[in-house]
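Notes for the one structure printed next.
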């Protein structure tokens, strides 16, 4: 509303009241104590062992649930449902305030949500990275311990859980929320409030996970295997609530993305003109939508085991730990492709821009993305080759697992052939994309060893598999995450990032990354199991080497942080509307993008990769007649 | 507060806050390190002798821990006070004489093999009588150092014993069993020791909480 | 270059969207939500058959673990009935019989609530605890989350019924803009004719509610008959 | 944008040829080196039939995957060197949108490789189960498995103990195996999930409560091997290691005799030998 835009804003101290992050935190903490209190009232006398174990899981869970409820209400998520309950008509957008205030509350502008995601995810990404640094510090020596073994396991679990949980939205959160509507010529996501909800759920989840320390941490690593899960201290409850909230957020995010791309593409944007990044978002969202519910279900069972004393995973009570392993990996394997696929999409989206050529084999690339999506639901038991589950089926899972490398290969050939005879420009985003080829190649090929049962017998559960998935996830996701940042920040903020610092960041990160994880293949092959606090003495040198490289890797992140703060706060060099000369629709808009993106829904006249062809830009024109329903 | 100066202040403040938070965060993991206990060593440096006096209690009570209901080992320091420390710093190749007073009842072993004392110098004495093997339903705890091959099952206080000790501190006037044994610390190293009896009441398989927290039923032998 | 966005932030130019677009949103969302729900309950189906096939310690289903078939059937039947009534209400709405739709909507809502109440009654009288073996665990978990989803859908239904009751005298009692958006000062709706969305919402809801009732039938067959 | 100019593509054919030659040369040089030097150095070594087959498996895969790696790496290097933009202003490359011949042959080659790998892995697996745990009723049994020596591995928080049903069901805290024998390891757990990993023997099998997870291993000559727990099992997971031994049959006979004598007093308390022992006390016990 123009009225909202021009109204006089009250002084800062007044604006601190109302629905915002501050209120949310206060209500969240209040809600936590309320739930804790209720839990004790309900269960204190009736269940005696809570006294013995000195922890009351029911009241911890209640505390977390009411805490999340209070947090969301404080952010203003209660207003709309309450109005609808009273029968008021639907509306799309919350009141949109100007200024920084809108970044600290419920905002229905997809661009605000994208930037919220970037900062929020970044925060927890750095916490997870800090955990990794502490882990490597502990592993500097096989015998001298910095942390008690229990706390070390909590560190390992925190690192894995934080990264696997938060980075699932690492690219979909910031970049899909921001750019999918711009790429498909829409003014919003299909469900703006749900879009904002997914972000704030993640923030609540991350905060909850960090509170695990107060309840004795959790010993299970990110997989949370039963029955250790049931045996663990109250910190396990934080893990369960964290992953359940992340699951809900993932599911809603995927739903929102698919609904948007299916129903809101601008006129003329046929499926065969859809930017490959949007295809990657669709593929990932399918996995989000279908895999996350299984995770929520299995965590619900674990919660019931810990509170209501059900015996889902208790072999002595009529349940089975195998049930947990199966259900968890039914989610868990699609999960790793939820982390990998956005990387593929970013690479394929950026290569044409910097090779100045059309995307090679567009249909093949799409087929690759969708093929991976389909196959990733059929391979979960390759995580259980030596567990004794359905041993007779191992040949099938070996085959299906290795089949995945075929659609993955599509991505490789399309990317590589896009470079062929191009005009390659080594900008910072391009460097990160090229690094992806090398990292994911190593990661993928080492995966072949793990997918092959005979060699999996040695490598399973060792540092080899750990090195493998760090090559695929960190080398695949995090590198492309930074590629996307360097590529799109000029559009998101209107300012350029410093190129020299960017290149320093890249080279330090790339070299340190490889010098960290390549030796870990050897460490695993030489017999060091994962998640150990002490290891054989003859592996001391390798572990020391890895630790030092890991610290350098951590330092490279500080270079990025410095660049980010310096360029956006101090240098503030305005970026041109289209610094990379991209043909994609989002770059045809001014930087930063106006609040309502398009005056009129554009009409798309071609796909965004027509480099080297006549009549490249503009690929879109404003609709001749006003879009329907102007008031 | 506009302009670069204001921004600089803001960034500096942000960095400071982040630093403090990170400090708190890391310290959150460091807590739980129980302070090591170093018993006095007699005899020659080549073959020293160490006396270690322990007790096991059904619950550490409100004075000793954040978890008053947890079962735990306690060690008697030179002042004769009972401390809750399970990290013992011992000299290498030492002969360690351990006297252990158990105030806890029977929990029972899951694996009866662990009722057989092993790795000791001489025999394990329960109330002065040598012990060959303890029936699986009896042990209340074990003192085990797998890397040294040491395993000592600990006899329980009868359930109907008079004047049983509910929680620490437990006086020797209360019902208890006395277990004495001797073992050798090998070459220098960092040996873990633990209890193998599922004695953590309320936890699944009796193996959570105090059974998985250094400072209660688990610890280290720092052999230097 | 930016002929696509000359007007910057002039809300007047860009506000208010055609309701059919939101209708498409809702429709696709209902189908996606249904598929996600299916995968959620698939986990419980898998748990049922997996634990049943393992029967660890012969504790899958001790003799005394036998929930009341009557109550279970009632819960299932009421859910299905509610879904059917909503479907009929949708037909009324399509053919303009708004009054009948409002009545049917209220009845469907009541039926759903009764189903939930009966489920709670069954839990309190079921005669076995969650710890009594694999079947007991699956029973408790599955029914609990079934109720969870039913309640959520009933809230959705309540929204539609409430809206159509509040604005039954259209056009006289037209809704003020911004009521629901936490923005009382808003001058125009950001949806062109928001009330026309009741129909599309009802179509989406009817699909999802029918689907959920179907899952309820599956649960009933597996938990009580199998 | 600037008018599309075909740059770097003066002689399109020769680029392809040159790259292929480079790649073939690299393969011819590098692959044998990798196979011979790296392959022979690959663990778990030669401690048992299964370990040997694993090493062979790994070596063959290395030899097969090296050309694939070289393909991408050489391609990247070649492309980045010869197709880098030599101008400062933005010039477009040729609008090549695909090439069905390349696509088809790529799909064919990758599929063939994948199918071969899967087939080969399956072949290696069905020989003897490749040392991996394969559940209560193993499908892939080595010849002569009926006469295999039974050894039960009992995992608990936090150590492994071993039971020899063939020798009066004696249970011992350390693992010793006779040389040149086919051993059937029945891995089970008394509480959480562990994983029995005998590194030099190339054996890994998860230990689950109430499950008998069978792994076959055919020992060779005398040898000392490391045992780790390879599945996170709680506080002392990192300390749950031990060393086992393979000794000649005479030494083994003497050793087992001594053990039976030493553990005789506890023998009467052991439960009758079973494929698995359900943990007790079960739930929330005291």
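Should a chain be cited, it is by its letter among A, B, C and D, assigned in written order, with residues numbered from 1 in that chain.
In this text, a residue touches a chain if its C-beta (ideal position, glycine included) is under 8 Å from a C-beta of that chain, and two chains touch if they have at least 3 such contacts.
Please read these numbers as outputs of a predicted model, since none were measured by experiment.
Engineer: Going by C-alpha centres, which chain would you call the most central?
Structural biologist: Of all chains shown, the one whose C-alpha centre lies nearest the global C-alpha mean is A.
Engineer: Could you see whether B-D or A-C has the larger number of C-beta contact pairs?
Structural biologist: A-C is joined by more C-beta pairs in contact.
Engineer: Could you tell me the distance, in whole angstrom, between the mean C-alpha positions of chain B and chain C?
Structural biologist: Computed value for the inter-centroid distance: 54 Å.
Engineer: Roughly how far is chain B from chain D, going centre to centre by Cα mean, in whole Å?
Structural biologist: Centres of chain B and chain D (C-alpha means) sit 38 Å apart.
Engineer: Between chain A and chain D, tell me the centre distance in angstrom, where each centre is the average of that chain's C-alpha atoms.
Structural biologist: 30
Engineer: Residue numbers in chain C touching 2 or more other chains?
Structural biologist: 56-57, 131
Engineer: Two or more other chains in contact with one residue: find those residues in chain B.
Structural biologist: 192, 201-205, 207, 212-214
Engineer: Would you pick out the residues of chain D that each touch at least 2 other chains?
Structural biologist: Residues 191-192, 210, 234-236, 239, 278-280, 282-284, 286 of chain D each touch two or more of the other chains.
Engineer: Which residues of chain D touch chain A in the complex?
Structural biologist: Those in contact with chain A are residues 1, 4, 6-9, 12, 15, 42-44, 50, 53-54, 57-58, 61, 65, 68-69, 72-73, 75-76, 79-80, 83-85, 87, 90-99, 102-103, 106-107, 110-111, 114-115, 117-118, 121-122, 124-126, 129-136, 138-140, 187, 191-193, 195, 197, 199, 202-206, 208-211, 213-215, 226, 228-239, 241, 278-280, 282-284, 286.
Engineer: Which of the residues in chain A come into contact with chain C in the complex?
Structural biologist: Touching chain C: residues 1-5, 7, 19, 76, 79-81, 83-95, 187, 190-191, 251, 254-255, 258-259, 262-264, 289-294, 296-298, 300-301, 304-305, 308-312, 315-320, 322-323, 326-327, 330, 577-578, 588-590, 593-600, 602, 618, 620-622, 627-631 of chain A.
Engineer: Across the complex, what residues on chain B touch chain D?
Structural biologist: Against chain D, chain B makes touches at 107, 110-113, 115-116, 118, 132-133, 135-136, 146-147, 149, 151, 192, 194, 196, 198, 201-207, 211-214, 218.
Engineer: Can you name the residues of chain C that touch chain A in the complex?
Structural biologist: So the residues of chain C in touch with chain A come to 1-19, 21-22, 24-25, 27-29, 32-33, 35-37, 39-44, 46-47, 50-51, 54-60, 129-131, 133-138, 140-141, 144-145, 155, 158-159, 162-167, 175, 177-183, 185-192, 194-195, 197, 201.
Engineer: Within their complex, state which residues of chain D touch chain C.
Structural biologist: Checking each residue of chain D against chain C gives 210, 278, 283.
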